[in-house]
Every structure is written in structure tokens, then in C-alpha cells.
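Below you will find the structure I want to go over with you.
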Amino acid sequence: MFFASDNAGPAHPSIMQALIDANAGYALPYGADTIMERVRARIRELFEAPEAAVYLVATGTAANSLALACMSEPWQTVFCSPVAHIHEDECNAPEFYMGGAKLTLVGDSDKMTPDTLHKAMAAEETRGVHGPQRGPVSITQVTEKGRVYSLEELAALTGVARDFGQKAHLDGARFANALVALGCSPAEMTWKAGIDAVSFGGTKNGCPGVEAVIFFNPEKAWEFELRRKRGAHLFSKHRYLSAQMEAYLTDDLWLTSARAANANCRRLADGLAGIPGVEMLHQPEANIIFAQMPRAAHQRLNKAGAMYYVLDGDLNKGDPDEPLPCRLVADWSISAKQIDQFVEIAKG
Amino acid sequence: MFFASDNAGPAHPSIMQALIDANAGYALPYGADTIMERVRARIRELFEAPEAAVYLVATGTAANSLALACMSEPWQTVFCSPVAHIHEDECNAPEFYMGGAKLTLVGDSDKMTPDTLHKAMAAEETRGVHGPQRGPVSITQVTEKGRVYSLEELAALTGVARDFGQKAHLDGARFANALVALGCSPAEMTWKAGIDAVSFGGTKNGCPGVEAVIFFNPEKAWEFELRRKRGAHLFSKHRYLSAQMEAYLTDDLWLTSARAANANCRRLADGLAGIPGVEMLHQPEANIIFAQMPRAAHQRLNKAGAMYYVLDGDLNKGDPDEPLPCRLVADWSISAKQIDQFVEIAKG
Amino acid sequence: MFFASDNAGPAHPSIMQALIDANAGYALPYGADTIMERVRARIRELFEAPEAAVYLVATGTAANSLALACMSEPWQTVFCSPVAHIHEDECNAPEFYMGGAKLTLVGDSDKMTPDTLHKAMAAEETRGVHGPQRGPVSITQVTEKGRVYSLEELAALTGVARDFGQKAHLDGARFANALVALGCSPAEMTWKAGIDAVSFGGTKNGCPGVEAVIFFNPEKAWEFELRRKRGAHLFSKHRYLSAQMEAYLTDDLWLTSARAANANCRRLADGLAGIPGVEMLHQPEANIIFAQMPRAAHQRLNKAGAMYYVLDGDLNKGDPDEPLPCRLVADWSISAKQIDQFVEIAKG
Amino acid sequence: MFFASDNAGPAHPSIMQALIDANAGYALPYGADTIMERVRARIRELFEAPEAAVYLVATGTAANSLALACMSEPWQTVFCSPVAHIHEDECNAPEFYMGGAKLTLVGDSDKMTPDTLHKAMAAEETRGVHGPQRGPVSITQVTEKGRVYSLEELAALTGVARDFGQKAHLDGARFANALVALGCSPAEMTWKAGIDAVSFGGTKNGCPGVEAVIFFNPEKAWEFELRRKRGAHLFSKHRYLSAQMEAYLTDDLWLTSARAANANCRRLADGLAGIPGVEMLHQPEANIIFAQMPRAAHQRLNKAGAMYYVLDGDLNKGDPDEPLPCRLVADWSISAKQIDQFVEIAKG
């Protein structure tokens, strides 16, 4: 019963098999492998972006930091949600890669709105050379609270960015989960909605460790290659990144896995919804939910070995009926049986 | 007939199998996996260093850059050979991670000597706050020219560093190849010879992509963890790094593979040695050789699809007898048949 | 009628005379001049800190950025007010000097409180290696809104910092203005209140361009010297910095000038207070006030050539009675006549 | 008898007077002062460069570091002499401002030649994304050994840079000394010889502390302004920089002072030339000479209080006739009497 994160489950067997298959004979290093050629072509096709620059790295933080570094200057500030992964969970990696740029936290929610974003961007305008300069906007889709921006919401945010002459980055660590939730095409969720560059996640959706960075305008392609190498993120035996991504995109595995994860989350939410004292922060939109459950339920789950984050309060001491908030993440691999077992234990 | 680099051959099947084996169920992310516990214990045991801090990253450049960043300050300069990988092949990654520190090139050879090192370190002493300050020494073992420092040579270099109050880093991208060449223990080639931190390579010796960083004094352990995360080199699904390293160290696979690579290189050198017009830069010590071969030999090999670097001169035009220099690298996987075929074609 | 800033008035004639006096014969460069010896001794005496490390730079941004860089690590975050100069007016210089560290904005006021600071510092605690790590607190005295922290307030804030194992920096660009407002000693406003390092401003209080950086614990002295040189802030002809600071501290000129500036501000505030439609944001505590004045008053002042910042709204268009906010800063040099003239015009 | 450096003598009285004159009333801060307008116009006129971007900073290291940062990328390497100030005397400031770029040391002399430069630049070409990328060339005029590049030599070096698609920077800390030595115009020594940006020194030639940075193509003007502010080198009371530079350029003071310094150096060299056992490294070309003098001469001078750098050997112990090398720098202010006295004592 592991609901702590989607980074702890097993990789999909097809992807592991692809690693084995890729391990035959010699392959040109540093991204010149033939699998990467196919990956590039496939991603361009999927995104309806024949000119796009496409690169692979092994971690989501690398994807975000390198993409943002190509899109900003060290004297700028990047606009993002106060709970954005780039702000809260990357130990200043974006600032490191951007050469000391800032992040400006927009509003007080996981979702920026055109209003909060406009207000934040407008506020940087009156100080000439003295203040931080406006930089790009970074949008997390699925948000860290498990919510999904609609296409209209995305377009509105990138419109605000463009009004200020700035570009938009999409942190798509859970890109597939959002895509199947919206039921739209990759192009619709990105460049058609005004997104300039994407961190396209594989790791949280069944890959051992691979993320693509996609620039729809390839003008910074060579700069990205230099930044990736200088950041020590260019793999010599690159074929093992390529093979993961190829398998991930083959036969819609990425979509199938994301649908499974979202469905698992929905099953969990539905199960929990009927329990007295359990309250959802919001309806499940992708594969993460935040819920309040009575302390006693947490205690039973903890005792049974369920793993997930209780976000506040003392698990062990206090009123058994007091609601304590928690985060629950479902990946593609969790079984219906385990989900139902979790719900049963929560019920008590 | 692939002799271009030891980063283009296949990974060892045992290591691939270990990845498959590691892919069962849930595993704690970010280095908290149980395989990593075993890897840490195993490396401490191998190096007779029960206190050592041990970490995994996926690229050699990351290992070097992060290790050196922990050992230096931004106003210092690191002493290394002018052909050191950290200088020539990492696109300023060490400078990036060190926050703008310099590299001082020592002597004009792949091997530093106590004399050239002393001279270089002494030269930084008279400028007070104005000049770059002395930083650590970084030694590459096996060198980029395929040579191996003896234990006495290593100890002499680290002794010079220590005389100036500085620490010593070993870039061991080909650690195993050197170790089996010297026939000594890991401890003898490192901390017993005065080395403070090691980049312990796996990728060039049969792993898909994993390197260990080992600090014999763990005082910078937490700083390394922060620098690794901030550099975007902390893997969420860390088990796939751990599994590679565990398999690499199991049943002496790392030593067996290195012995195979070195033997393959020796076979190649022996075969080439008898050919008129072929001259070795030096006798093979590990798995890299540099040789002069007549242009005509290069042309035949090229035509036959052999892959390796011709370092200077026009392959296609000029006197067929003119010797052109080349680099030949053997990995564990190249077959005797392919080696012999290469030699035959070179012979003409 | 110049109330735009205290960085646009003339320097005090005594300080200019000191520059002339310093310009005789040869003087050792780079801070080894004999005037600097006296400055160091004088500052140590004034601050009752015989061990303090004392340095001079030419800009307040350099003082803040270099001090904070010595007190923090690149993976940390510095806690400060959302209107702190280091956040709003230094174009990412602190982030640049700190190597990519963050600033965390505390509360929503110019004054941090123990509560808002505690809350902000506590919020950084649960993410291990993933989140930014806690760094020092930076307190601005006088605040950017013209308010002065009491000694108790300062001690409470530094106490919170210490509870989290962190140090405290004082941005004292207007140190003297605060000191005379509080009527305390330099030691009381700094190390006795828990401050570890101070940016001690001269430029805004009658110097052409000099700021001292004072570390009460000199352990980072040599690091500061290296960072200052590496930041290109070490003056070769350092005597011209020393001479400014010496004159500034001679015969209590710094205190006299600050008292004059504060009194000028008080006179301005008193004059404006009686005008219908004028409202003060708060009572003047040092030499800056924020006031609302009717648009018509701003228009008259503007027409008369008065210079100051109207912070919001269209000066030229709209209801003449609508109050528009402005900032008014008085320096030591503004005359009573000019102040009274300003008030008269504001009255209409 | 001060021949240690041209950074320890007094500023010219006219320049000090200009500071006093500038100290009247209010002046717009941050470079918007009216004196700066005149300085900009004057420098454009002097350099016959009506479009040039012109800025002032207070130190030569700031001028060099900021100029180079605007001309390079962090993954590049800057080509310069191994004795260049930017390499030996700026404590990694250029690397800091450039974000971790390298310096490549060209040849083994104070003067680069087209051959050594071509060889160094060509050597960076074969490594694709792996090696440091080629960046601009930085030429020091007057060199650190006191020599002056001819216009032909400058043009040849910048031609090599251009052949590789790179720009050229001139470190003109002693610009005026070189200009009067060559007897050419500022335009001839800079953009007409292929120079793109200049650090135009004032400090070593009679100013308290001011340097101009001049970009003949203003495309990076705004970037420079941001980098200057972010480097904490934008002065609020900028008029005191402007006033120095204006006085420096008024009535040819900069040229008169440089001629005086060069003549003083020539007088010194002529006096020393006739002394047995004294040998010049080369004929004086500007205001610096390197000479060998017998230990006994150094001892007499030292005893008499003469200040200059003995570069090697033990002043106090050894054969009195043994020649020890020294550096002698003359500024505009040293008197003929002091020079002659120095020569007399050297004679013994």
C-alpha cells in the first residue's frame, strides 16, 4: 500500500525490456545513438512540431533547470506558484542553473490565475535597472496539489506572459496524467496553448529515469546542448535514456500508464469518499489527492504498513477523531486490491 | 571493430540483469533504497574505509565536478594535467560547479610530476588576495594517454599537495583498469597514497551509467548531498543506480571486466607492434594506446568500418606511408576475433 | 526641493576636505593605507568590538551582497522583508554573490516580526535535501518604509534566527538615522541585540560613496577579503574610501548629519500634518515618510520643481482631491527654507 | 622614491578640484547626472564613435570583468597572455562575472602573437560540445611587462580573433600611456584596429578611482547596465565618478599625465642604464621597466626607503654582485629629483 509518491514504484516491464534490447553491440555515445533519432522524430510527431528541439536528461530537476536557464537571464525572475516543485523541491537548482536568477511566487495557490500572474508581473515594472527583471513563467501541469489546468487556463496564463514579452515553460513531470485527464493532444496542451518549452516527464509514469526537454522554437538548441554538458547531464551511454523514452512512447504506453494511475487515484478517492470523517481537498483530477482523515484512521493505516505523507499534526498523540491532512499519490502499478485494502483499513 | 571509446560498447549482461531484478515492487527513493545500503557497505569494505561517505551519480563529469566543488572554494585554482578530462572534456562543468574557480595546467604531459606540480603550486604564492588561491590537486588514473601512475608517483603528488595544505582528488573514470594494472588494493591506490576523494568509475567498464564518489573523510558528506541535489543529480528512482553498482562489484565483475579490457588492449598492441611503419607512443599500461600508423593502413581500416580516432592529418589525401597518429581504446566486450581482424587489416 | 532620495544631495564639506587632505604623497594601496588603520580602530572603539573585522566598499549593494555571501551557502535561503532593498533594489546582486541562494520574503510588511519570521523559518524544515536550506536573517534598519526597529524588536528577531541556528545581518544603509532615533549605542543596536554582521552606511548620510562591513566575529575576515577582491570591490587607491569614512566618524559628524536629516523629516511631516487631505502612513521615525496627498497638491509641487516619488496613480489626470501616495526622504543638507516652501506649496 | 606601482601616488589636483566642484546641490543618481552626459559625449568624440556605449565603474577589475561578461558565455574560454592582469591579479573575478568561463593562456610571453593566438584558438576546435567553446580575446595594452603593442600587432591579433568569429577586448588600464607612446588616436588604437570593447583606465594615471567601459557596438548596452548593477558597481552618487573622468579628459590632462609618467620612466631607465651590473629586460616603452640590479644596489635602495618590487632572490643574503630582477613603475607625480636620487643610490 504505497501512496507516498509516484517515484517509488517499479518501472514498466516493457521499458525494462527495451533497456535489455538496447544493450546489443556498439552505439554512438552522447545522444548520437540511432534510438535517439527515432525518439526525436516520434516526439516531433506526437507534438505536431517538426522543428522542435528534443533532448533527454535523467531527472526532472535537470529538465526544469536547464530549460529555464535557456529561457532566462541571471538578472531576471521566473514567475511560478508558491508550491511549484522548482521552488520547493529542487534545493535551488533552478537558481544555480540560471546563474542566480530569482523565483517570484505568484498568488497563494497551486494554480496561478491570470489575475495573480498579471499582478505579480506588473509589480516588477517600476524599478528600471534596480529591480529584478521580468523573466519567463513556469506552469506546473499536473499541479503539486493534483489539479489540472484546463486548456483555457493555460492559454490565459501564457497570454499574460506574452503581454509582458515573456515566454512560458511547462513543468510536465506528470504531463501524461494531465493529458489523459484533459483528453486533448500534446500540441493542444503545449504550443497551441502558448507554451514555449516543456519538461516532459517519464520518471513518474513508469520509466526508471528519463525526461525530455522540448523547445518548440529550436533557436536555443545548441545552447541547451552546451548547458546540458556543462551541467554534467549529457550521458555517454545515452542509448539507455533513449531506449526508455522510446518504449514509453510505443503503443501508447505512456497514455495507458497515465490512465491507469489516474483511475487508481479515482478508485481510491471514491473509496475514501464514503467514510465518515474523511474529506477531500478537491475532487481527483489526475493521480494525486489531498484528504483529511481522522487520526485513528491514519494510525490504523500506519500500523498496517501503508506508506504516504501525513502533512501536519502528531500521528501518535491526540484526539482520535481529529482530522489530519495527508497526500495520496497513485501510480500505474498499484493494484485494485491494495487500493481497496487501504480503503478498508481507513474505514476501520 | 570499435576502438573509439569505452563508452560505446554494451553493458555487461549481469548488470542489465541486476536492473531487471531491482525492478520489483516499491523502493524508497533518493538513495534510501536498500540496495544502496549494501553498495555503501561494500565500497567501504573494498576500500577498507568504514567511515567513508559514498554516493552515486550517473555521469563521470558529475562525479568530478561535485567532488571538486566540495574540495575547493570559488577563488581557488585546481591543479591538473593539461590533458585532464576535467579541463578538456567537460565544457566548463568543474568551473560551473566550483562557482568560477580556475584550473591550473601542470606541466605539458598527461602525467604530473612532483616537480611540475611543485612548481605550479609554488607559483601561486606571492600575490596575496590578488591572485587565485591554491586549491586541490586532481589526478587522473588511468591518464588520458593510457598511462598508469605507480603508487609511488601518486604518493609523491599527494605529498606535494599536502605540503601546500591542499587535498587530492582522483579522477578514476578508469579506476578498475588502473587497479588491475598495478595489482594493488583500492585502499593502496587511494587513501594510503594520500588521496582524499575519488571519482570511482563504472560507466567505462561495463555499466550503463553509474559512478561513485567516495570521500574518505566524511566531513563534507551533507554538503555533497546538497550539491548533488542542487546540481539535479539526485535520482528519485535511485535503485537503478544502486543496482548497477552492486552488480558491478559482485563476484569481482569490475576487476574481471577491467582485466579483459586491458588484455584486449595488450593483444591489439602486440598485434600492431610487428607491423612495419607502426609505432606505439608508449607500451600499453591499461586499455588505451596511442599509435602512429601509415596513412594507407588507416585508409584500409576506415574502409573496413573500423571506428577509432585519427588525431591529426588528412586521412584521405597524402603520402600513403606518412604516419598518422591515432587513439585506440579497448573495452571488456571487444572480441579477440575483432582485434585480430583489425590487426590483419592494418597489416595490409 | 529634493525629497526623492538621500543619495542625490551633496556630500558634507568636511568629507570632501578629507579627500583633499588624503591626497598627499604616496599611500599603500588595497586597504593597507594608514588612514584605514585608524578607521578600523575607530569603528572597533565605537562598536565596543575590539576583535571586529572591518572593511570598506563603495556601494551599499556591495556591502550587503558580500556580507551575506560570507554568511550563507548557495543552497540556503535568506529571510528578509518583502520590501527589503536586497530583494527589490539590487537586481539579484545578493543571489549573484551568494552563488544562487534564495531570498524568502517574511510577512507582508517592512518590519518582520518574531511571529512572521518564526513561521517562515519553520516552514523550511520538512524537506530534507530537497528544499532550500535555512540561511541567515537580514534586517533593514531604518526599514524601507522609514520605520525603526526598537532594540527589543531586533533582539527578538535575532533570537528567532538563533533558535534555528542561523546568524543575523543588519542592512544599515541608514544606520546613523536609526541610531539617533533610538538614542542608543552602536553596540546596543548590533551585537548586543544579536546582530552578527552590519552593513554600515555612509553614502546616504553625507559621504560620496563608502560603506563599512563589520563582522563582530572575525572568523570570515579572510574570506571576505577574497570575496571583495573577486567581486572587483577592492580599491587600489583605497585611501579615498578610508578618508571618507574617517571624516564621517570624526567629531560625531555621522550623528550630527543623521540628526539633521531626521529633524528635517520631522519638520516636513509636521508641516504637512496640518494640511487637509494629507495623511501620513505613520509618524516619522527617521528621515523617510510616506504620505497621501491630494492630486492637486502633487500637481502644484511638480510644477514648482519639487522632486520626490509619487507611488501610484496618474499625476496629471483625475479628481484633484483624490489622494495619491508618495515617498519623501530628507537628507542632512536640505534647508528649512526649502522644507517650508514645499509645505506651503502643498497647502496651496 | 616610490616605484612600486602607479596606484599609490596622489591623484592630480585638477581631478580633486573637480570632485569639490561637483559637490554642489542635488544631482540625479545612478549615472543620470549631467556630468555623465558630458563624459559620454566627450568619450564618443575622442574615440570618433558616436554610437558607443560608455559607462563608468570604480575599479579596473570591475571594468574588465563586466566587459568580458558581456562578450562571452559561461561555456567559453577567453584567450589572454599568461601574465594578463585578468588571469594573475583579479582573484577569479572574470570567471565569477562570466559565470564560470575559462581563461586560456596564450604563449609564454606578455605579448600574444598572431601565431601563438592562432594556435591556441585552433586547439579548441575538435571537441564539439565537450570542450570549452571559443570566446573573445583580451589584449592588455600596456602589457604587464611594460611593452606596447603596435597598431599592426593589435590588428593582427584582432584579425585572428575575427577569423574564429570572436570579438576582442582591450584591457587599457594604462591606455593613455600606450597611446602617447604610439602617438596615435584613440580610434586607431581601438576600433580601427579591430577592438570591440575597451577598459579605459583612469585610476593608474591620476584619478582616485574611475575606469570607463566602452562598447563600440552598443547592442549590449542594457545588458552591461544590468550586469553592473547586479555586480554592485552602479554608484548612487555617480557624479563623483563622472567628475573624475571629466577632469581627466579636460585640457588633455590624461595625455599630459601619461607623457609625464612615460618620461619619468625613460629618465629612470636612462639613469640606470649606465650603471655597471644593471641590465634592462627591454627598452622602456611606457611607464614600467623590468631591470636586473646587483643585490648591493637593492640593499642600498631598500635602506634609503625606496619602494619597488624585487621579484626574485633574497634581498638580504648572498653575493652582493648577484643580479636580482625588479619591477619599477613611474607615475606622473614622481619628481625628477626623486628619480635622480634613486639612480644615485643605485650607482653606489
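Which chain is which? They are A, B, C and D, in the order written, and residues in each are numbered from 1.
Following the convention adopted for this analysis, contacts are C-beta pairs under 8 Å (C-beta built on N, C-alpha and C of every residue); 3 or more make two chains touch, one makes a residue touch a chain.
Only a predicted model underlies this, so the values are computations on that prediction, with no experimental measurement involved.
Of the two chain pairs examined here, B-D and B-C, the one linked by more C-beta pairs in contact is B-D. When chain centres are defined as mean Cα coordinates, C lies farthest from chain B. Chain centres here are Cα averages; for chain C and chain D they lie 34 Å apart.
Remark: chain B and chain D have CA centroids separated by 42 Å (rounded to whole angstrom).
Averaging Cα coordinates per chain places chain B and chain C 51 Å apart.
Residues of chain D found to touch two or more other chains are 74-75, 90-92, 96, 99-100, 129-130, 133, 226, 229-230, 234. Chain A meets chain B in the complex at residues 2, 5, 7-11, 13, 16, 19-20, 23-29, 57-62, 65-66, 90-93, 96-97, 203-204, 208-209, 226, 229-237, 240, 307. Listing the residues of chain A that touch chain D in their complex gives 30, 73-75, 99-100, 129-130, 133, 223, 225-227, 229-230, 234.
Residue ranges on chain D touching chain B, taken from their complex, read 74-77, 88-92, 95-96, 98-103, 105, 127, 129-133.
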